[in-house]
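To start, I am sharing the structure in question, which I have written as structure tokens.
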């Protein structure tokens, strides 16, 4: 079974810099040989990270909130159509061996929460998840780095640790 | 249709003071004539708030992660058995007209996130949900109070505002 | 915790006779002191059974596919807003101590399937679920009766048997 | 985006002949260039169809009821861990462009129901889904064939029709 790395983050329009970061993270994940999994929509971090991974020849799985692919990113290989709206955030978290979260808001934070509840390592890139999750940071399950490159190193270390 | 107020918070063993707070909140919700909805389990804020509401003659609906009632609080009137594990946090959030959240960690925070995404008013009692949700606080959708009594006033105001 | 009896069946426009049957079933469930649970929408068996139960003073819980109550039956006491579309059929089945199914099609049949998978007794009123479920019929877990009155007797017997 | 063909069927121990049929169906799907999607577990039609597809070099996605991969088939490429138990049957159905169902019972039938509700073509191989779904058969959305080879032809025709 292939290793799956989840990429979460803002769903809306990104700044040029955030777009570039998400795309680069996607490319790095593909280059590492991991499957990239995200929320599958045609905007924000979802679309940009999918594009980056696909351009580097990676496999991209999008877990859509929708029952169809009308709003799916064109850069997916496989569209999982859950039909359960934002409830799919739970599936995103569980289906990722490790979760990398770019800055986001309530949706992204819900995915961080579910990944932590499920025992997954979560790597935040350049943002802070707040005091309610401090305990996970102390345990080393919730990490913060500043760049996509550092997040990939953190993923690699987590995967090695978890065997 | 009756107004449903969700009560979320830590699922584990509570301090005597946190237990009393959750129980009092449950009682206040019942006295206001609202249905109390929570996660339905037999521990933490779920059990204490259910007990408080039932002792005051209120109606209590527990939305369980489980497929059965083996781990349900004995203080429920109706047990919704979702079978979708922590995915039921999404259902908890949507099914509450307003959400009151006592201190908790990842599970509680996921419910706060989903309620905000769905446009519900969320009232935090004595804790802080962190910077990722600051925008909702600025919009007045995410409030912080210090006591159950204040949270009930905030719920009342939100319900009046939303008609 | 109160006993919950699920009522499933066609969601579309009903014949006058089917409408009367669903309404009568709702009334009988309320008169037996059970909570009526159904899919919560404002049409078909959902609306008619809810109306019957409410007119008899019963408690009605609707488990909606929606994230809001715009399409809810006006005869619900409590609206569980799942937001998971037809995925809520799974929740309907698990949340019912016993399931009574009036004639329906794919949606109703999915609820029958899930209830059987979860070990619940299912009572079909005037229809047949087909050969794929024959094994459950042989085991006595899937029953067929012809009237609402008979279905209530079958529910009573199942509840007595299951303690 | 790649075409996804779902394969459903009994989860328990299979006869040698049923095992061979499921494996052959998996191989044919892979040879057609389609992604095979199934319920992901290490038994029954799930495991056999995954094995057949993998041996032919296909891509296999398993949508597990579980939150982890402990009970996953070893023949998956990607494991979607839903954590929503049998609720994942809904995701299986929606995520398949066309569904092929080998003989099964309540679980398989629930997937057939959900696929039909979502407008997908369903191809039954050697069994009958019963009178409650007769309307779908009349509309040509629910088909019956006798062999894996015929089911692949039916899938091809459905995909061509749906563009």
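Chains: A, B, C and D, in written order; residue numbering restarts at 1 for each.
Keep in mind that, in the parts below, contacts are C-beta pairs under 8 Å (C-beta built on N, C-alpha and C of every residue); 3 or more make two chains touch, one makes a residue touch a chain.
Given the structure is predicted, the values throughout are model-derived calculations rather than measurements.
**Student:** Quick one: which of C-D, A-C or A-D reuses the B-C interface, over half of the residue-numbered contact pairs in common?
**Tutor:** Answer for the repeat of B-C: A-D.
**Student:** Contact counts by the stated rule: is the higher one at B-D or A-B?
**Tutor:** Of B-D and A-B, it is A-B that has more C-beta pairs in contact.
**Student:** From the C-alpha centre of chain A to that of chain B, how far is it in Å?
**Tutor:** The mean C-alpha positions of chain A and chain B differ by 29 Å.
**Student:** Let me have the rounded angstrom distance from the C-alpha centre of chain B over to the C-alpha centre of chain D, please.
**Tutor:** That pair's centroid distance is 40 Å.
**Student:** Hunt down the residues of chain C that sit against at least two other chains at once, touch-wise.
**Tutor:** 67, 83-87, 90-91, 118
**Student:** Using the touch definition from the top, list the residues of chain D that touch chain C in their complex.
**Tutor:** That would be residues 84-87, 89-91, 104-110, 112-114, 116-118, 127-133, 135-136 of chain D.
**Student:** Along chain D, where are the residues that touch chain B in the complex?
**Tutor:** Going by the criterion above, the answer is residues 67, 83-87.
**Student:** Give the list of chain A residues in touch with chain D in this complex.
**Tutor:** Residue positions touching the partner: 1-2, 4, 35, 37, 59, 61, 63, 67-69, 72, 74, 76-84, 90-91, 94-95, 118.
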